[in-house]
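Two complexes, one shared chain (subunit A), two partners (subunit B, subunit C).
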Partner chain A sequence: MITEPFGYHAPKSLSEAVRLVAQFGADGKVLAGGHSLIPLMKLRLASPKHLVDIGGISDLSYIREDGDEIQIGATTTHFRIESSDLLKTKCPLLPETAGEIGDAQVRNKGTMGGSLAHSDPAGDWPAAILALDAEIQAVSARGERWIPAREFFVDLLATALKGDEILTAIRLPALPSRAGDAYLKLHHPASGFAVVGAAARLVLGENGSIERAALGITGIGPKAYRAAAVESALAGKSPTTKRLEEASAHAADGVDANSDLYASAEYRSHLARVYTRRAIEKALERAQERTDGR
Partner chain B sequence: MKDKRGTSRKGGGNRNALSRRDFLRAGATVSGGLLAGESRAISAPAAPETQVLGPDEVPVTLRINGTENNVHMEPRVTLLDALRNHLDITGAKRVCDRGTCGACTVMIDGNPTYSCSVLAIEAQGHEITTIESLSDGTRFDPVIHAFVANDAQQCGFCTPGFVMACRAFLNKHPHPTLDQVKKGLSGNLCRCGTYHGVEHAVLEAAGMGHAGVMAPPGAPDRKS
Partner chain C sequence: MATKLLGERIKRKEDPRLIQGRGHYVDDFRLDGMVHMVFVRSAHAHARIKSVKTDAARAMPGVVEVLTGADLQGKLGLVPCAVAMEGLKIPEHPCLALGEVRYVGEPVAAVIAAEPYAARDAADKLEVDYEPLAAVVDPEKALDKGAPRVHEKFPDNLAFLAKLEAGDWKAIEADAGLKAIKARFVNQRLAPASMETRGVVASYSPGEDTLTVWSSTQIPHLLKTNLAVMTGTDEARCRVIAPEVGGAFGSKLNVYGEEGVACFASKKLGRPVKWIEGRRENLQATIHGRDQINELEVYARPDGLIVGLRCRVIADLGAYHQLLTPAIPTLTALMIVGSYKIPNVFVETKGVFTNKMATDAYRGAGRPEATYIIERAMDLVARELKMDPVDVRMKNFPESKEFPLALATGVTYDTANYQKTLKKVLKLGGYGKLRREQERLRKKGKYIGLGLSTYVEICAMGPSSRMPAGGWEYGTVRVERTGKATVLSGTSPHGQGEQTSFAQIVAEGLGIPYDDVTVYHGDTAVVPLGIGTFGSRTTAVGGTAIHLATERLKKKMARIAAHKLGVKPGELVFEDETIRTPDGSKSMAFAEVVNEAYNATSLPPGIEPGLAEQSVFEPPNYTFPFGAHLAVVEVDAETGEVRLRNYYAVDDCGRVLNPMLVDGQIHGGLAQGIGQALWEEHVYDENGQLITGTFMDYAVPKAPHFSWFETASTETRTPVNPLGVKGVGEAGTIASTPAIVNAVMDALAPFGVRHLDMPLKPEKIWRAIEKGRARAA
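Let's look at the complex of A and B:
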């Protein structure tokens, strides 16, 4: 398999990349890790005439702590996030999620920004990004803006990014005190992608009740989503087993679940409920450990 | 034919492939012109600061196993095809050609990577290590010894990629558990089903300590 011919550009600065992307319009594509784009191009599902490789722009690859916030550069690889000591303490949901992506080879090349821009309905990052209420930075010749995660995923493989925008960074709050996170995933046995992935963040009140719950779910519908009905069923409540079970029952409410050879829509919806409950239980356990530990 | 193969792409896999494909076609603008035209012509002029390379052949310099190689190729040539077709370095194998099976695994800056899914032109300036570096023809890396001793190959087609993945894994995890081995090597597939042998080979090679090249059992060691 071989791609259509294309012109290759390796800008050294973001401003130069932005200029090239605007110049090429629909004829151009950004190349990050290439682990979604190159296979698509080989299959001729994408045939850009120009590739703008942003891999050489050194200041797009970083993990930074800024007060209570974490900021991650778009071309930071899954592996770098998986192995970041800073993130393991400040935002453990990210390394946990990164470690579930594909395999070692994929994690060494694939980038967080590329995954979000590609927005595969079975991708892992969208679930975590939603649960963490992250914001996504988009830069174009027209300026920069921050897009809330909830507005970012629009439809199957479609995001709020405009054609001339480059995704440059992701920023999110560090793990607050009395909080716990978890990402649980059922791997597709052949592809490794998520049949379902549930990312949970729970913040506990002083009395041990659930102050706030956030649930991001991927793999079920055309795009990842926040399970709002689960969240509202938990907010302000004490975390009894029965309540977690009842809240999780709403994990696929209102979602048009996908069906394929591996999992019917009904089974997928069931998986969403089961993985949601498990993710909440794990996040709760971790939140309680952290609360007791201090 | 390519299109048919395309529909079975290992991807999200939770919509039937036709609808994904239809979507891609319909949603081309959303995703930034996925299906741009067929013409070879490069319409826009090159930016003054960034040189446009291609689509015709351009000079590419690849540093492989410590040696610089200068070749001419189109930007669309993958690192795997550059190795095999342009440089006659044929240890890395092409099987799925789309980042699924691991047969093409090489190390880039020490990290195992699917060379079929990286452009050669992107790999410039990086240290590329292939299976050829694990032997001088007489002496072999401990992983290779352990593969032989543990019956870790059958037809052998996945083996070079597997050995590279094992070497890279052991460099990062010198004393792994079996669970770590299984997870660490999940990027490589073997149709002959040699996984059990491979897992044991990795554990045995870990016991052999440092990652140097060593003489095969019973063979004269030329370097000592």
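Let's look at the complex of A and C:
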């Protein structure tokens, strides 16, 4: 398993990286943790002529609290997120999701930015990022911009990032009061990726009804998506078992589900509904616990 | 007091170097002037090779040689098959395809360059012009009249037809009081997937005219003979070394074309040639395991006594025979009655050619299929007769006093107490309590299942009369002048830990410290003779040879000591580095006796100087370890997911020399057996493309897939060898697959599900549950 020949560049600053990426154009690729890109290169399914390794740029790896917001640097590893005490209290969905990714080696090398830029249809981060209404920062020689998560995932392995842009940070709101999150996943037994992954955030009203529900779902279709029909079926309603069940039934509405050796489209859609309901139930339980001050 | 070693949990001598990354595998050998080889492989399941153009590849930087099938024709022998069977069709199997390719991954050309990278890049420049031919992938369709033929020179795809028949089938068919229970099982194709892939370094030295080969193999001595013959090298000038081998599971009990090509290329170039297999190649072109279809009929009396078993086996052999390919499914017939005394047996086995990689020995090799058939059958009988699976098993077990027990299958089981292991596992798991919990949970819409497997297996391969290339094993024990002991074994352990257990045998025998014993294996220039490590034979056959050599050496040392001490040699004991009379009144230090032997100034008459004794042990029979496993699973009725809740294993592998080594073998075996039941399947599409070609799709089990294994043992020694050991290398794999499937089917019983084929993927289970619910509604 040997890659085609390539040039390797290890810029020390973001500006240098941006310049190299612009210079190589379609011949270049950003290298972060390498845990998606290197396997593709070894299989010779990807053959970039130049790799721009952003792993050595120290100010791209951080987890920061900024008022009601959390900001995470692109090259922050899954493991750092999984083990962050700050996130465990301020945004527990992130450590919970990180803990479901691959195995220890993968989590030690793989990065959140790399995972989002790669946008694997069975990757875990996209589900969480969608459910949290995160924003993704892209930097190029032309300047910087923030892309809402809902606009970020475009198609199979395709994102809103332009060829010359480097993903530099992710920012998202901390867990509000009277809210709960959950990420539930069925692991593919071979790859460990999500056959289905459902990330839920529920915010409760003062009377205990659902003020707002956000559902990010991965593994089902060509890209992760927000289950809008589920959300609207829940918004403003009281969370009865029946209502959760009925709302979750819309989890795969309008999605062109994947079919493979492990799971047919029909089964995947079924899983989307079951996992969505279970994720909502769990998020609800947590929201109620927090509201009760437990 | 002498330290007791046999039967103790002694830490492995192998581990410190392996854990610290200080072992040496084939890829760690770098020789002066070494060049690197990669293979260009067929992307077609079946095609005619119209042309192979090598010019562009040759022109790439660093390339030193490009070889095709035509370059080897008449110069390098064929890939060998060691099996002799009446009517067996053995196709010609060149090391590089000649004229036609017959499976995806078949080597077509070898590109050799100064660097592995250069060789790999050049391989992409090789131009092979194929004319695709119709491929046959499904072994049942391969038997249809008019099916495309894998080998044109044979009239059909039937490689062999074997029958095993015993008893009075007319009486069975005439007996209206019997219940016939039928089933069809698919035992899916698997990839052995050892952590270290295959690899070889071949180094021909033109000056000395010697060929030295480092190969990741289980059978260095057999490989040496075969490579000598294939390459036309004087065998006395050939040496094969198996360094650390990072797993094999039977897949390296073979002689592969790539090994032949490496030797040929090294001889041609006069330089060392290295080939390290990639993971994709490993999944494509290292032998596969299992792949059988079993049509079963079991005849049972209403009280649960099984009187007849009939099975039609279709074994998918793939396109060519590797070393033992056709022999593997015949082991299924041999062990098909399992631990039950079934007097009437009929097994018809059809070995079939298809356009796929060859199947061959994979951990268990034919016996997991047999165990799956009979253990699933026991549960189907239980369900049909509304009996508990425990009772059906108890009803059909022979009593321990009936052993040695000759069975209808033609083998004689040595010793056993099946009732004891079953009772022990039921107690360990709390079977009665679990059954009550199951009842309770079902009422709440939760589904747990209990699955038993009371297996027996055939080990210690084997009597030479039943083996393709001898079943004996070789051992030497040598005491050096300094009193340290050197042990040479013809076996070739690759993870099992016999550097530890053999040292235990010798240290305890000679009464010297365990740390003073060093075991060597896997180098044909160091160890004169050998067969290798496979078929759970290493300790039972190879360990016995070591034990016998130790006894011989003791006899000699006792004679030397007795001569000095003026006592009879027979009364001397070896303990605490002394050789003494039992009452201790007369003694000599071990070191003194060693000095006597080497200085040779006053040896008794007829005693030769030096201290080295060897033995070749020929086993009079196989051994038959057994056990009882109990799996507890939980099925999520909404999604079909299976969770392994508990696993209890009681194994009887005869005398246990080191319980820690036994645990290791059981744990690893369980992982592989459970892997087959729940996750693993090697799948080709209808065109013969391998769709589980990477670890993204082929599900090798990993540690988080498992719950805690609870293991226990009973000890029923065998009289087949003086150590009383039976073998344990494959038990876990053989036993666990049906235990899991039985457990899942038990969990699904309320939905009327009788059988589902492996792997028990959640979708399959979900659909079966949905169907059951629809039926009930």
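Heads up, the rule we're going with is that the second predicted complex is superposed on the first by the 293 of 294 C-alpha atoms of A that agree within 3 Å, B and C clash if a C-alpha of one lies under 4 Å from a C-alpha of the other, contacts with A are read in each partner's own complex, and residues count from 1 in each chain.
Basically, contacts are C-beta pairs under 8 Å (C-beta built on N, C-alpha and C of every residue); 3 or more make two chains touch, one makes a residue touch a chain.
On a predicted model such as this, the values are computed, not experimentally measured, just so you know.
Using the contact criterion defined above for the overlaid structures, shared-chain residue A:79 touches subunit B, although it does not reach subunit C.
When the two complexes are overlaid on their common chain A, residue A:4 makes contact with subunit B and with subunit C alike. Contact with both subunit B and subunit C is seen for A:103 once the two complexes are overlaid on the shared chain. Of the two partner chains placed by superposition, only subunit C is touched by A:189; subunit B is not.
In the superposition on chain A, contact of A:16 is made with subunit B only, not with subunit C.
In the superposed model, A:270 makes contact with subunit C only, not with subunit B.
Once the two complexes are laid over each other on the shared chain, residue contacts for A:49 go to subunit B alone; subunit C is not touched. When the two complexes are overlaid on their common chain A, residue A:30 makes contact with subunit B while staying clear of subunit C. Residue contacts after overlaying the shared chain place A:154 against subunit B, while subunit C stays out of touching range. Counting the residues of subunit A touched by each of subunit B and subunit C gives the higher count for B.
Applying the stated touch rule to the two superposed structures, the overlap between the subunit B and subunit C interfaces on subunit A comprises residues 1-2, 4-5, 43-44, 103, 188, 190-191, 262-263. On subunit B, the positions that touch subunit A within their shared complex are 2-3, 5-6, 9-16, 20-21, 23-24, 27-44, 46-47, 49-56, 58, 74-76, 78, 81, 97-100, 102, 105, 108, 111-114, 117-119, 121-122, 165, 168-169, 184-188. Of all the residues in subunit A, the ones that touch subunit C in their complex are 1-2, 4-5, 43-44, 103, 186, 188-191, 261-264, 267, 270-271, 274. Within the complex, the subunit A residues that touch subunit B are 1-12, 16, 19-20, 23-31, 34-36, 38-40, 42-51, 53, 55, 79, 102-106, 108-109, 120-123, 154-159, 161, 163, 188, 190-193, 195, 219, 222, 258, 260, 262-263, 268. Remark: subunit C residues 116-117, 120-121, 124, 278-280, 638-639, 641, 678-679, 683, 691-692, 694-702, 704-705, 761-763, 766-767 touch subunit A in the complex.
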